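Input: a single structure, listed below in structure tokens.
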Amino acid sequence: MSEGPAKLKKISIAQGLHMALDEAMAADENVIALGEDVGDEQGGGVFKITAGLSTKYGKHRIRATPISEQAIIGAAVGAAIAGLRPVAEIMLMNFVTVAMDQIVNHAAKLRFMSGGQTHVPLVIRTTTGVGVGFGGQHSDMLEAWFAHVPGLRVVMASNPADAYGLLASAIEDDDPVIMIENILSYGIQGPAPEPGYRVPLGKAAIAREGSDVTVIAYGKAVLDALAVAEQLAGEGVSVEVVDLRTIAPFDEATVLASVAKTGRAVIVHEAVKAYGTGAEISSRIHEELFDQLKAPVGRVGGSFSPVPFSKPLETAWIHSQEQVADAIRATLQRKGE
Amino acid sequence: MSEGPAKLKKISIAQGLHMALDEAMAADENVIALGEDVGDEQGGGVFKITAGLSTKYGKHRIRATPISEQAIIGAAVGAAIAGLRPVAEIMLMNFVTVAMDQIVNHAAKLRFMSGGQTHVPLVIRTTTGVGVGFGGQHSDMLEAWFAHVPGLRVVMASNPADAYGLLASAIEDDDPVIMIENILSYGIQGPAPEPGYRVPLGKAAIAREGSDVTVIAYGKAVLDALAVAEQLAGEGVSVEVVDLRTIAPFDEATVLASVAKTGRAVIVHEAVKAYGTGAEISSRIHEELFDQLKAPVGRVGGSFSPVPFSKPLETAWIHSQEQVADAIRATLQRKGE
Amino acid sequence: MSDEPDRDTLIEIYRRTVLINRTDERFRSLLMGGKLAIVYYPVRGQEVLSAAMMTALRPDDYLITTYRGVHDQLAKGLPSKLLWAECAGRVTGTCKGKGGPMHITHPETGVMVTTGVVGSGLPIANGLALASQNKGDGRVTVVCFGDGAANIGAFHEAMNMAQLWKLPVIFLCQNNLYGEHTAFAAHTATASIVDRAQGYGMKGVKTDGNDPVAMYRTARQAVDRARAGEGPTLIEAMTFRMLGHLFGADFSYVPAELTAKGIAEDPVPRFRQQLLDMQVPEADLVAIETKVETEIDEAVEFALASDFPDASEIGIDVYGVERAA
Amino acid sequence: MSDEPDRDTLIEIYRRTVLINRTDERFRSLLMGGKLAIVYYPVRGQEVLSAAMMTALRPDDYLITTYRGVHDQLAKGLPSKLLWAECAGRVTGTCKGKGGPMHITHPETGVMVTTGVVGSGLPIANGLALASQNKGDGRVTVVCFGDGAANIGAFHEAMNMAQLWKLPVIFLCQNNLYGEHTAFAAHTATASIVDRAQGYGMKGVKTDGNDPVAMYRTARQAVDRARAGEGPTLIEAMTFRMLGHLFGADFSYVPAELTAKGIAEDPVPRFRQQLLDMQVPEADLVAIETKVETEIDEAVEFALASDFPDASEIGIDVYGVERAA
């Protein structure tokens, strides 16, 4: 990470999320959290992100809900309009499918449809990820849907400091933000952020500088990109890694500047490749840098099928670091002009 | 249209849809239809597509439902697994937001998750469109969401014969198909299809042949493309128009062949441009034809905001034929190699 | 205070009833005359229940309603000028013309959300009430919806959550016997929507929404309960949608006898007669009616004379701050 | 036929109870021993209600269940080998290993859908029942779900539609007192899920799911009603989830006295004693228990000896015919 602190103390992504929520609730009594099992009477949440908070701030601010995602998001939207700053949790991302109306028709549109009279300072936290062995209905990455909806922002962190800084910024933001987490990333360790560290929404980070090719990624895929960059450095290839952090609307300035420099780009995400966020990023790069590009922008993403259960299939479904390396090499094989 | 009949008799898109449904129900007693107000006791549906059918085939086959979209799609999924061929209607496309779980987690995935033991021969008809004056919650084009979901097919017709032929093919298909209609297109007149005419799923049509640039569109946007093609012909520009008909998975062979020939492409759709289906099509073209392209692929789509109510704003929100013409000219201004 | 509306309260309810009734009438005449071209959902026949409900509220209480919401919005106090300008898509409207009739919003008078999606207002109402509960601001939230909306999932989830958290919210089901073109018995498997209240441990009351006294009493009691922290109430206010689902829409599917009965029991003239029977001088009623007509005349004139929003408004209010990139 | 289970029926219910009980036990021991590494949702404590319900069905009747569905699937007759192979992700499993424990499907034994999404099975069950109604095939559909699922929108929409159309479907709510980590009273605003039946004009029955006789009687009556075309039934079968939400999960949030009570009332030994009291020779029961253990031994061996699916399976079963392009 180019930004962020470099303290010696390390924390996990899960701890970073907990810290951000805890500090936000301490700083502003309008910050509340709601979701299934989030209270301490329920063991502090399935992934323990909210553990201890209902005891510390009260059950009126940490509200364990029934299994009613429409009511969860709807209540969060209403509370936000009335001046609270709700952090709503959808236990797993596939369950947003029962709450899309509240997110898309309401949270995203109320500011516009009211001509700016109301707005929805809402954060929706949700988690997912391929590799847990959950199978077809608990593993999807659906960020592309939200990216397509004006009025929403979508963020995803690749390290603990960013998890802390992104969630804090999302809670302070006056518009709805979808924060996607990855079950397999909760344990990832990294430097603890300085208190007050913020990751500005809409700003990408250069996770590694390079000159030959730009790899654009977010979330867990950033770690793959960094690993491959390290490996290819050995082959004499200099890879620049852009960590989007805000998936949408994405930081075009940073992405285009990097690709203008390298002339080559590969986008990596865990979501199904077809019609994924990589398509928009690829299109924008081609549209803006057509003459500078030495090769077509490459895309690496999930297979075109539901996520399979059987371990070998699940492993084959998601991108491998080899695939990322191959996509990079493919762009380098092009002569360019 | 290159394919399809050329009879003198003309019908509307609404009539084409009605004909296809009527004939399918006559031919196969397993075909049923369900949705809000679809019965004759309810006046035969808000847009009258099902008018007369409950009287003709019985209320057990044309089921007027409560306002319960999850139950509508869920019942259709279950009936499909058990051997029926349901045609479910979601009155307006924005209301799919309450039924996404049934469509995405179930209809799209059951064949795969059951290892092929069950499958879901389901058609979901829905309508929408910018220009009716419905405002932010009744006008959205959300096809990009479904295109991103393996297991689903998405189709949209630009003329009555295709409306008939696509719906008939969708009903006969063994997998879930989302058929998007446009309120403003129901009245569009065109040649009546021969009985039995079918539009194969996954096959695009060359709506107009040309040599300088390819315009890829679907639904109402095809008419804009054809009008602009006619206009530019006057300026000596030869525009080829590809009518996708199946939006996803789209007919890459036809699209790539056309662009390989013209070297230039513009994609037009009514949906919000950002992260829309045009991004995937554009990316695929760049990936496959990078060296042959004389200019970056252009995209024309809806503005990045909810659909506004006020007439002048609504009109400005959606693409104009001028914008399409300008996008085409922009690709022509490029020197290319 | 008493649950029974006193004479002044009834007169105030009548004023709101007339305002709704004449506004609805005016919308339809402008649409008929081609002076306005919008999708309009008539409220004819549902005037009294709204007027009585909102009269039982404080001005700062919250309201959430639907596409069929002109009666609720006006009864809550939303200024006619702003309503008309919004419906005409003018920049002087509540939402700068960007929302339109289906999304009328005016926080100053407590009109927080108008939704076009059936049932979606209920969960949002819980959120407004939750905010009031946490802040202790004593506000009550009323959410209006129809009989058809009681069959959608959001209704169910919202009812259970509201009771679980004892939220200060009132669920006002305006049962006008139809959901779009579908008759009540064809969409609901039970005789009354209130039959569902006990499944949530919630207080449910079925009342004649066309009777201003009964409706006010029911509303008053629900408001007092909510304000006292005793939790939500489901009110099923019986009424009749005297016109088509939307202006110009098919009405053939409604049995003639039902329409005839609806016209015979038209709540507006009935209410007027009731006041005359109470010895309210007709002159007072005429004065109210004249004042309302003037208010509407001015509002329509203001609206139609106003400018349309500039196209640049498309890029405004999407986010609070300009989006990155 | 009579609603009371005769001796042979009770013995058959016991056989299925033991099969479920030992299978659950075996899953946990293999997970504990690291021989299997999957997400597993224990059914310990809920054996009897499933065994009794499914014994009241015809083999060709339909079942829809959830992630916590091993008891329902086995009781419905799904072969142990196929279940184990699927849960181990092997190509010999019901779904070639592509679905896994959360998506067990086996139409041959009527196991039509296993869903991982809370509440989503209910609307789909209506569709199966609708197909039976239109075809007149006399099948009955049973859909299993939990107490927590009764608070999600899909439950509400499905209940109303099922009663409206008098569908041959049985809604079996397995009330095990917890939804994941949340206790019943913390997620539901009423004392019983059956309180909701009347809101749909539906027959609702609350029964002790851990009592084989009571459960069978309730199931039998619901099945007969459905088969006779008299419509759906909501059954609330009371039970207790004796273990964590999933294998290895936190259980600390469950009060000790509740756990103690659950163990004291463990339905499986109780049922065994009941049969002995009926003078069923213990040897018969031991024979059943031994046969079950052998069946499981063979199934586990078969599963673990089977191959994993080939990676090419990712591209198969996405569509029935290869997708265009």
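Side notes on the structure shown:
Read from first to last, the chains carry the letters A, B, C and D; within each, the first residue is number 1.
Keep this in mind: a residue touches a chain if its C-beta (ideal position, glycine included) is under 8 Å from a C-beta of that chain, and two chains touch if they have at least 3 such contacts.
Just so it is clear, the model here is predicted, and its values are computed rather than measured.
Taking the mean of C-alpha positions as each chain's centre, the chain lying farthest from the centre of chain C is D. Here A-C and A-D were compared by C-beta pairs in contact; the pair with more is A-C. With centres taken as mean Cα positions, chain C sits 40 Å from chain A. With centres defined as mean CA coordinates, chain B is found 31 Å away from chain A. In terms of their C-alpha centroids, the spacing between chain A and chain D amounts to 36 Å.
With each centre defined as the average position of its C-alpha atoms, the distance from chain C to chain D rounds to 45 Å.
Shared contact sites, meaning residues of chain A that touch two or more other chains, fall at 65-66, 68-70, 94-95, 97-98, 101, 105, 112-113, 135-137, 150-151, 249, 304-306, 308-309.
Shared interface positions of chain C, i.e. residues touching 2 or more other chains, are given as 95-99, 103, 115-117, 151-154, 157, 160, 164, 186-188, 317-318. By the touch criterion given at the top, residues 151-157, 159-160, 163-164, 186-191, 195-202 of chain C touch chain D in their complex.
Per the touch definition, chain C reaches chain B in the complex via residues 37-39, 89-91, 95-103, 115-119, 148-149, 151-154, 179-183, 186-188, 250, 252-253, 308-309, 311, 313-315, 317-318.
Against chain D, the residues of chain A that register as touching in their complex are 36-37, 41-43, 46, 64-70, 94-95, 97-98, 132-138, 303-306, 308-313, 316-317. Taken together, the chain A residues at the contact with chain B in this complex read 70, 94-98, 100-101, 104-105, 108-109, 112-113, 135-137, 142, 144-145, 147-151, 248-249, 271-272, 274-280, 282-283, 286-287, 290, 293, 295-299, 304-306, 308-309, 334.
Per the touch definition, chain D reaches chain B in the complex via residues 62, 64, 93-99, 103, 105-107, 112-113, 115-117, 120, 122-135, 141, 153-154, 157-158, 160-161, 164-165, 316-321, 323-325.
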